[in-house]
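Next come two complexes, and both contain chain A; in the first it sits with chain B, in the second with chain C.
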Partner chain A sequence: MDTNDSLRVASLWHSMHAISQQLSPTTGCSGIELLEADTFDLHCFQSLTGTKFFVVCEPGTQHMEALLKVVYELYTDYVLKNPFYEMEMPIRCELFDINLTQAVQKDRVALLGR
Partner chain B sequence: MQFFGGSEISPSPPTPTTTTGNNAHMIYIFNRNGVCLLYREWNRPLHTLNPQQDHKLMFGLLFSLKSLAAKMDPTSADKGNLGVPQLPGQGCSFHSFRTNSYKLSFMETPSGIKFILVTNPRTSDLRETLKYIYNLYVEYVAKNPLYTPGTPIRCELFNTAVDQYVRSI
Partner chain C sequence: MIGTGKIKQYANVLDKPLGKGKQEVSLSAFAFLFSELVQYNQTQVDNISELETRLEDAGYAVGARVLELLCQRDKGNRRETRLLGILSFVHSTVWKVLFGKVADSLEKGTEHEDEYMISEKELLVNRFISIPKDMGTFHCGAFVAGIVKGVLENAGFPAVVTAHFVPVQGQQRPRTTILIKFAEEVLRREARLG
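For the complex of A and B:
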């Protein structure tokens, strides 16, 4: 998926997140947290500022919410505290990428080890 | 019927998974053109929009979500562009999504009839439930000689059957 597609998907998701709140039968809906499809699951975590984190995984994978929280922590540490990072721009912080890959690997090893 | 491997209502409905009683909030049935064939609600404290807008918004949401799922599918090699209408059964389609206040289960038949069930978020997988409701639809609506396809369903038997079944989930 190239950058244009990513942008389209992101804007589509943002609107659908909002529409799903409108269609809620009860009050207090905070948007889509999990989308289950035939071949994948998509977990979404929304921070208090509205930044959304997604994980696409195999159907039925457990503990993705924990992974998303870990990624959120890495984001606050390596991206937001980076003085050269401009808000709302694509993230190009090396440390963030390295730690992100490590976190996902650790998660994968933990899953396989079980 | 190859699609579901069972064409009678006689296979026993799926056993109740969570607490009995009011689990479901509402049900929508749409045809492939976006006409809302059925809308029933059992437990809906919050009405944000008037019914027409609500139906249109729901249909639009599902259309976009299907398109997004087809695009984001990690297993398929070639994906169409976003926004291209997907034929029923083509590409990867989602079957449910969950928020903190509700869970929406979705099923589309090869003829383009879409079944949507909105329940509380702790409900487990409702695909079998939707298949059962599809069987009810076939028996009471599709086989009804007085029913015109593409128009809203006005069949009391179907409504009561759906009500009864959904209350037992």
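For the complex of A and C:
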């Protein structure tokens, strides 16, 4: 998935998330947390500042919330403390990518045992 | 009331003992501050070498002060006169005070007599920083190079100090080397001292 596609998905998701907050029948709704479809699941985590992290995975994958929290931590460390990152731009930080793949790898090993 | 002891009042603030102070500062706080320092300097300069010079100057001021403080606090007001002495001082004491650990290694350059290298797997200041590809050889360790330069020059060992990335086989991230090139007079003086 190239940058343009990710930007498209991200903006689509942002709007859906905002609309769902308004539509919800219960009060105090903070947006969509889980979207279950036939071929994928989409877990979303919203930080206190409104930045949303979402992960698309196979249906029925466990512990995605924990992964999202880890990604949030990596984001605050390797992206926000990087002087060369401009806010709202696509993230092109080497350290963030390296640590992200490591975290996903570790998760995959833990969940699937391989 | 909790914590009321008799605190000795000093008539003159200069008489107060120079305490060791809190040894630790939050790493995140420092990382954000350093990131702002780099960003601010980026807006003031036109090219990368100027940015490195600015970071080095900022580090120079730190180095000068650290030298004074450590000489008074840790070395009992004695100063180093020999080359190896000042280098091991930088390598262990200064690094310990600034970064909480001694530097990884101190080596003498093989090609030139006046070159020495302090290497570190990853500088503390660079821990969260990823240099974008288009910045080429820029190194935020120029700040640390400035600190070393400040310490050396104010101790009487003028030198040119730079920071470099050295790629290592088998590791994704390159090592950092601080290259110290002493001035002629330092070597001559060292040779005279025997």
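The criterion applied here is as follows: the second predicted complex is superposed on the first by the 113 of 114 C-alpha atoms of A that agree within 3 Å, B and C clash if a C-alpha of one lies under 4 Å from a C-alpha of the other, contacts with A are read in each partner's own complex, and residues count from 1 in each chain.
By our rule, contacts are C-beta pairs under 8 Å (C-beta built on N, C-alpha and C of every residue); 3 or more make two chains touch, one makes a residue touch a chain.
Values in this document were obtained by computation on a predicted structure and should not be read as measured data.
Contacts of A:66 after superposition: neither chain B nor chain C is touched. In the superposition on chain A, contact is made by A:93 with chain C only, not with chain B. By the touch criterion defined above, A:109 lies against neither chain B nor chain C after alignment on the C-alpha atoms of chain A.
In the superposition on chain A, A:81 contacts chain C only, with no contact to chain B. Between chain B and chain C, more residues of chain A are touched by B.
Shared interface residues of chain A (contacting chain B in one complex, chain C in the other): none.
Chain A makes touch with chain C in their complex at residues 77-78, 80-84, 92-96, 98.
The touching residues of chain C, when paired with chain A in their complex, are 28, 31-32, 34-39, 42, 128-132, 135, 140, 172.
Residues 1, 5, 8-9, 12-13, 15-16, 19-40, 42, 56 of chain A are the ones that touch chain B when the two sit in their complex. Those residues of chain B lying in contact with chain A across their complex are 25-26, 41, 43-46, 48-49, 54, 57-58, 60-61, 64-65, 67-69, 71-76, 82, 92-102, 104, 118.
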